[in-house]
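Order as written gives the chain letters A, B and C; numbering starts at 1 within each chain.
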Amino acid sequence: MAQTALNPKGVSPSADWKKWLGVTPFFLFAILFLILPSLRLFIGSFTTEDGQFSLVNIIQLFEEKAILDAYWLSIRISAATALGGGLFGFLLAYSVTVGGLPKPLRSALITFSGVASNFAGVPLAFAFIATLGRTGFITTLIKNLFGVNLYQQTDFDLYSFAGLSLTYMYFQFPLMVLIMAPALDGLKREWREAAENLGASNFQYWMRVAFPVLLPSILGTMILLFGNAFGAYATAYALTGGRLGIITIQIGAQIRGDVHHNPGLGYAMAMGMVVVMTISLIGYSWLQKRSERWLR
Amino acid sequence: MSYLSISNVTKQFGDAVVVDNFNLDIEKGEFVSFLGPSGCGKTTTLRMVAGFEIPTSGRILLDGADITDKAPNQRNVGMIFQSYALFPNMTVAQNIGFGLRVRKEPEAMIKQRVDEMVGLINLEKHANKYPYQLSGGQQQRVSLARALANRPQVLLLDEPLSALDAKIRVSLRAEIRAIQKSLGITAIFVTHDQEEALSISDRIVVMNVGEMEQVGTPFEIYNFPKTRFVANFVGSLNTADAEVVDPAKGLVSMDGVQLEAAEGTDGRKKGDKVKIAIRPERLSFASEQKKANVVDCIIENITFLGAVVRIQVKIGNTKFNMDTFNNPFLELPKIGAKEQVTCSKEAVLVLDD
Amino acid sequence: MASEKIRKVVEMSGISFGVRVGKQGNRKSWSLSRLGTRFWSWFWFILGALYFLLPLYATANFSLRMERDVIGFKAYIRAFEDPEFLKTFLYSNVLALLTIVASIILIVPTAYWIRLRLPEARRIVEFITLLPFVVPAIILVFGLIRIYSSPIKIPFTDTTLFQPLTTFEVGTDILIVAGYMVLGLPYMYRSVDTGMRTVDVRTLTEAAQSLGASWFTIIVRVILPNIRAALLSGALLTFAIVVGEVTLASFLGVPAFGPYLFLLGQHRAYEPAALSFASFLLTWVAMGLIQLFTGGQGQAAGAH
């Protein structure tokens, strides 16, 4: 490779394809360990066991109530934690940026969010069992203080929809904080001043300027949170041991061959997840582009 | 009674005095510039008029009403920011209509006013574009229209041209001045660019570290600077140490070279240390007619600046810049040559040491 | 009035959008609204802090009470003494290290080459690095198992190139490291690419070239030292993902720390709590280091 070839226009056409040699290892890796496996599932979901093209798996996906319920449960949990985590995360990010809390609290919250958004899986599940399980710290505290047994006198159950959602929130809202804090910083002081100068009240400034400007980031991040919860497996499995039939746990059972014994259906279930994730990623990047344009 | 009156205004941030006893009366329709280096308090003063800062002491009266403590959204002043501060989520038309909309004016009236404003800044074709689709100059024009749409009593411009390219800066400042004149609106323009202030203003307030150095028309500020700071900050200037020789005759001596000054020596004694200052364009090669202030010099360097040729000469032990207009038939001396230069006695400014 | 309703809801949530007022702010309503903002800010912050800290406190508290009526580290000692723990934890660390090294070897030259010579490949490569968001770990491992649990043949022949990767240990290790590389890909790539953008590798390279440096010198002595912080942050993030990972590890059946902790939780109570708290501290250290090296930029992974 000639040292003077840095200028791309000085490269002869024959060298054009050679440039691509530089990225072959990357593409090879991606094909072997990302594209091929995905493609296998994709093709598998459209073929019968003897290799014929068929829509049978896809149709079965929509006919089997247990599977539809699993998707629906996953979607509900993901939506609930995305909304809840998004709202709570926004309020927290607001309080340390615009809300006027001392600076050290901000860096403390950001660091903590970095940790918590990565603290998931088995340890997180155990932490919540120690907190809200049958003999958990808070469960006991409530029993001692108010004489209420959460598990006998209320509907609460850590190994249920509410419990899993509460646990997911632990890594959900820190993610919101991490993304929203810089976005809130991106609100220019001049926008507020210009609005005030033009006669707007604080409320009008937030309703007409700040929220609309932030909205793409808020929605985009919530979609990200949705996907984050939708694809989660380890936390749910460790917490409920497979009792709560969310879609990832159902797929896990398929891989193990525990139920159905129908690999085609397993592929279709996986593809269904990929479709949901793809839609949310597209939504996210569309909103992200919009907000970058504004907050530049 | 003047239209906008800023009296005895002082602003402190903690212990730091940012604006110290600022006094200024502005007439209706007047265009006043605050000129000074960064940190001189000009922007803080402007922000006090806008209501973003509250004076530590002193009053601000607008059209007879005390607005010192009024909230920014309760006063009717228009502000233009250096960074345009257009709302990114609104089109040009929506930005311009914002102030009217938050005041809950009827839609028909808003539409009419927006159309009028868009016409004023010649952006009819861009009314439905978003700020990010516009150039910097266009954005600043929108911000001007947005401020004017509310029919403000005073227009405040905080370094509005600083973020723009040199060419647009010149054309936009002419446009701002033309619009201001045609609407007869009172304006305060903050800048650190002396050329901008000189070209656009009715009056200039030169400020330095929180204090007003001089207030006057551009002509006065440039030709008769009262302090060394003003003389130095506005236009370029040759300065040298000198000593008063004869206060009555206006004679000063600079390393033994005697110069005659028209004024500035009154009230001084013989032997007082002073600074003399001469603008480069006031120096010229001595022709035979002129007899006053003719001094010997050596040509040190010649720099071609386009319309102007700057010749560096050494008078005594001091280097002076001399500007002459360029023309194709100009005969330039050689470097190292001995020449004589001269200037009128009005050109020799005598300032405190 | 709809807007009136929104206002009420918003005010109830505590977003009163206070105004900064000068020290001697004598506008009463403004100072009041600022006070309101402060109150709600503290309220939400304290609530968040409680949510963060209570589970940790509960875990730590629980883990210290293995012996009746005594606060002590017995659970920790028991957990750390278990030879299985040592084995699996070491194994996971080795996996993490391999993943990091392999990722750097794969991604740094790719990102560098794209910045330098092949900007037209940027879009497609960035697209690929986003794919792991669409293909969650559970789906990835599903696909990997289906592809690599049968022998790999040269296309259109019957010649077997490899035995199924899942049937022998080294094969499984290759598979799981590759899987982890995929999981870490978005973070590693973005981290490295951002690092290269901020130091402007193109100009650096040209400057080094004009001074007569060889390619090796350029990469090792100019590029790598300049993207050190980015590499470290990507590496630590990958580490945080890999060390406690369960999904890939359990389906591929490797003796890693994640599945071990999970199994331990099935029949023990105190030791898993101790290990959970310890792994939280480990995550904290990794994130703290990232914060230290990058000043707090981009540190959100997600292997949940």
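The rule we apply is simple: a contact is a pair of C-beta atoms (placed from the backbone, for glycine too) under 8 Å apart; a residue touches a chain by one contact, two chains touch by 3 or more.
Bear in mind the structure is a predicted one, so any value in this text is a computation, not a measurement.
Centroid analysis (C-alpha atoms only) places B farthest from chain A. Top-ranked chain pair, ordered by C-beta pairs in contact, is A-C. Spacing of chain B relative to chain C, judged by their CA centroids, is 55 angstrom.
Centre-to-centre separation between chain A and chain C, using Cα means, comes to 14 Å.
Contact of a single residue of chain A with at least two other chains is seen at positions 196. Among all residues of chain C, none touch two or more other chains. In chain B, the residues touching two or more other chains are 71. Listed in rising order, the residues of chain C touching chain A in the complex are 3, 6-7, 10, 13-20, 33-34, 37-38, 40-42, 44-45, 47-48, 51-52, 54-59, 61-63, 106-107, 109-110, 113-114, 116-118, 121, 125, 128, 130-147, 178-179, 181-182, 185, 205-206, 209, 215, 237, 240-241, 244-247, 251, 258, 261-262, 265, 272-273, 275-277, 279-280, 283-284, 286-288, 290-291, 296, 299-304. In the complex of the two chains, the chain A residues touching chain C come out as 1, 3, 6, 8, 19-20, 22-23, 25-27, 29-30, 32-34, 36-38, 40-41, 44, 88, 91-92, 94-96, 98-101, 105, 107, 109-112, 114-128, 130-131, 136-138, 168-171, 173-175, 178-179, 196, 202-203, 205-207, 210, 227-235, 237-238, 248, 251-252, 254-256, 263, 266, 270, 273-274, 277-278, 281, 285. On the chain A side of its complex with chain B, the touching residues are 188, 190-191, 193-201, 204, 208-209, 212-213, 293-296. For chain B in complex with chain A, the touching residues are 50-52, 71-73, 76-79, 81, 83-89, 98-99, 101-103, 132, 143, 146-147, 150.
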